[in-house]
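Same chain, two partners: chain A is paired with chain B first, then with chain C.
Moving on, here comes the complex of A and B:
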């Protein structure tokens, strides 16, 4: 079974929502493009997951169909809360029926509602969901969450770039090989999902490393 | 569920419209008969005939209707209410079969209330119209007759949708529905502006319904006027249709010189009408006493 318990981080900024995931290193002969952990559910909602990839595929498919059915019956696009509730209800059904096992995934669902408010939700295999300002799921979720608790301030999410950098910094805490293994996606208000290419991620990583060095220098100057 | 599939057990359909409604397509007709033709020949003759109108303007949506419920040539109720409130910010004008309208509006109220509880906010007028038309289109071909205009105020401001029981759903600024609608449209198209004041809108709506009740046999009784504002809907007035029409006529009267100029061409009009009967189909009844007929229409 292909188990993906790699780190996922979600940040809710003021005008942007960021999802960052740790990519596992791809085997030599494997085509990298077929491994996608951040999936769009609709134009304004996307999700990342940690757990069994195959289970995630089923859930994502059902969620995508539900987004379109909702638009068909009710004319409005889904709210992030609605689709999260749908996914959570689906997961709960499988915990309470005979002959089936629960879905083995936790998901981070981000997006913007019609009223322009950004949202981040997390669901777990039992079918509960909660709204978060910033969260992490995966193997070292605890470490990353502690980092976020310390560093998620109003300043940190003041601008879009700062929010993106916070997500990358959080991932760099636990990701082994640095920027190469990070996949990043953002949604800005009234804009569709944007996946970052490896180069763009590298740019941010270099910027973060520069800031770190400067902070180190300042510290050492003070101590001298 | 795996075991359920084996036992072929169906979970109750709590997501669909009310379980109290008959299954779609479940009209019991003798074997071998097509339901639609059977209903046309043997089905019950249901009440039709009305004038309702609704239009959208800067300060909200106006809904107006007559109050006569007719069943063929028999007036079943001279004081019925054809504007049904759905919730605080949504009204529906009803036309067609009164029973169908009443039932489907109750189903719509249930759907919207459930969605409000689930989602935490009321669905928009567009959603309500979509839900109603989708529910009714399942019963297409079974003589359901509901022609309604949904008037409401939601997040995008005043909204107006026309929904018909075959599944038609149209958004617009002015709709008039019913047997008296052609007469109402004439008046509405003449006087409608998006930037009207509230009083102008009330006057226009009353005028349109009054004129329709004057000419249409199936419309009459009183004129109901409703206004949907940002703060919710409000029943503005119910005035007797005849009284209203006479008052409107009185407003037109005080122009004696116009009467004198029309007095001369009148005998000529009557004479020509008698001679060229086969040609005088066009501009309605050219009665000699009709002083409002402009002189320019006597073309032969």
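Moving on, here comes the complex of A and C:
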């Protein structure tokens, strides 16, 4: 099986969690809305995946049912760790059953727990899951992760805007065609999932490019 | 009858050699029916490799390199290698198509052996207008094992000149790379080289370690060059994405600094743009992956 080529980035800020994904180019006659990579599992948890779309659909449906079932049974929304563990256990079962193949998806799951703590988890087809402060999945995940390791600082995630810009900057390192191929979603504490429109993403991209230019001007002034 | 290690039953030949009845039966089985011969000949005709002239579409009477003198021959096999040459080499000069190879095998998507359309996998030969002894071959079709020798004969001939240098570019899946490390930890895509004894220039990447096994047409060309003492080098890109992919194509970039390609490449930023366009037109393929 070939490796999926599209990048996903997840960042855990102080008061915000951000998911950024590289959009696949759609055919002219295809409805773009049906090609979504970021899906809400519940009001306070969402997931971005990379891999086989059909497998992702099955996993997301099972996770959504589990979120509601948990809420009805124990009267509390799921914690991000619980639903991640559920998804990871499901994936692991399929690696150890006869006549089945593993789910071909890696996922980034973000959200806020009831106690207000932001969480970011990553799962892979083997069924392992780990918590991260910031992570990337996809073909150039190494490059993006190196960028995040250099630039993920307390200042960078102090404000919501800075965390969003960090996610976009990380994606711009590897995404070929700039802002128009980036899809962004955020969850703020006690607020539902917000999907950014293309215009809003473009605004951030323009702001980032301006900052870059100014930083370069300052550098050249200093060297002179 | 005898049983092998794997449990299959095979007919062991009789050492006594005097069992006439058995021999007669075997002879009958070996004797070819006319229908079988006809079918075999039809199949051989279908699988024939034909080298056609560009304009007239008639077959070349002699091999390609006997007809045209050649000092440098660059062969790209596979769609990533073809995309690399298209973007970085072919757009840096004026190349003229001198011919194409038409062949059919079970890997071809069409059953029509005579009218392969231009969107199908192809095998084209070009030479540089400003220096006609520089040749380029772009082969994106699969050349089956029984067709490889025919391809070599039609292109190189039975007695090739030794004063030319061959560069072959191709891709293989990273799982073909023999190593003690796990494939997940390999920095794919990465480049490895394998060369003939007469190739004296340095390679731009590490040589392929033992067991240095290569497959298909690239192996056939390299073996042919080794036998005929032609200097040749194969650049093999091990990748985890076999379809047309930007990162895999860019992994070939170190080759641009080698002696054979340096003089042919002019505008690298423009080539990168052309490559990106090529990728976008191919990207909207399937919805299996997101």
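The rule is simple: the second predicted complex is superposed on the first by the 219 of 224 C-alpha atoms of A that agree within 3 Å, B and C clash if a C-alpha of one lies under 4 Å from a C-alpha of the other, contacts with A are read in each partner's own complex, and residues count from 1 in each chain.
Quick note on the criterion: contacts are C-beta pairs under 8 Å (C-beta built on N, C-alpha and C of every residue); 3 or more make two chains touch, one makes a residue touch a chain.
Fair warning: this is a prediction, and the values are worked out from it, not measured in the lab.
With both complexes brought onto chain A, simultaneous placement of chain B and chain C is permitted, the two fitting side by side without a clash. Contacts of A:79 after superposition: chain B is touched, whereas chain C is not reached. By the touch criterion defined above, A:189 lies against neither chain B nor chain C after alignment on the C-alpha atoms of chain A.
With chain A as the corner point and C-alpha centres for all three chains, the angle toward chain B and chain C works out to 140 degrees, nearest 10.
By the touch criterion defined above, A:64 reaches neither chain B nor chain C. When the two structures are aligned on the shared chain, A:139 is found in touch with chain C, with no touch to chain B. In the superposition on chain A, A:97 makes contact with chain B only, while chain C stays out of contact range. Comparing chain B with chain C, more residues of chain A are touched by C.
Using the contact criterion defined above for the overlaid structures, shared-chain residue A:54 touches chain C, although it does not reach chain B. Taking every C-alpha of chain B against every C-alpha of chain C after the fit on chain A, the minimum distance is 24 Å. Interface of chain B with chain A (complex): residues 1-3, 115, 119-120, 123-124, 126-127, 129-131, 134, 155.
Within the complex, the chain A residues that touch chain C are 2-6, 24-27, 35, 37, 49-54, 56, 139-140, 176-177.
Across the complex, chain A meets chain B through its residues 73-76, 79, 81-82, 97-100, 114-115. Within the complex formed with chain A, the residues of chain C that make contact are 240-243, 245-247, 276, 279-280, 283-284, 287-290.
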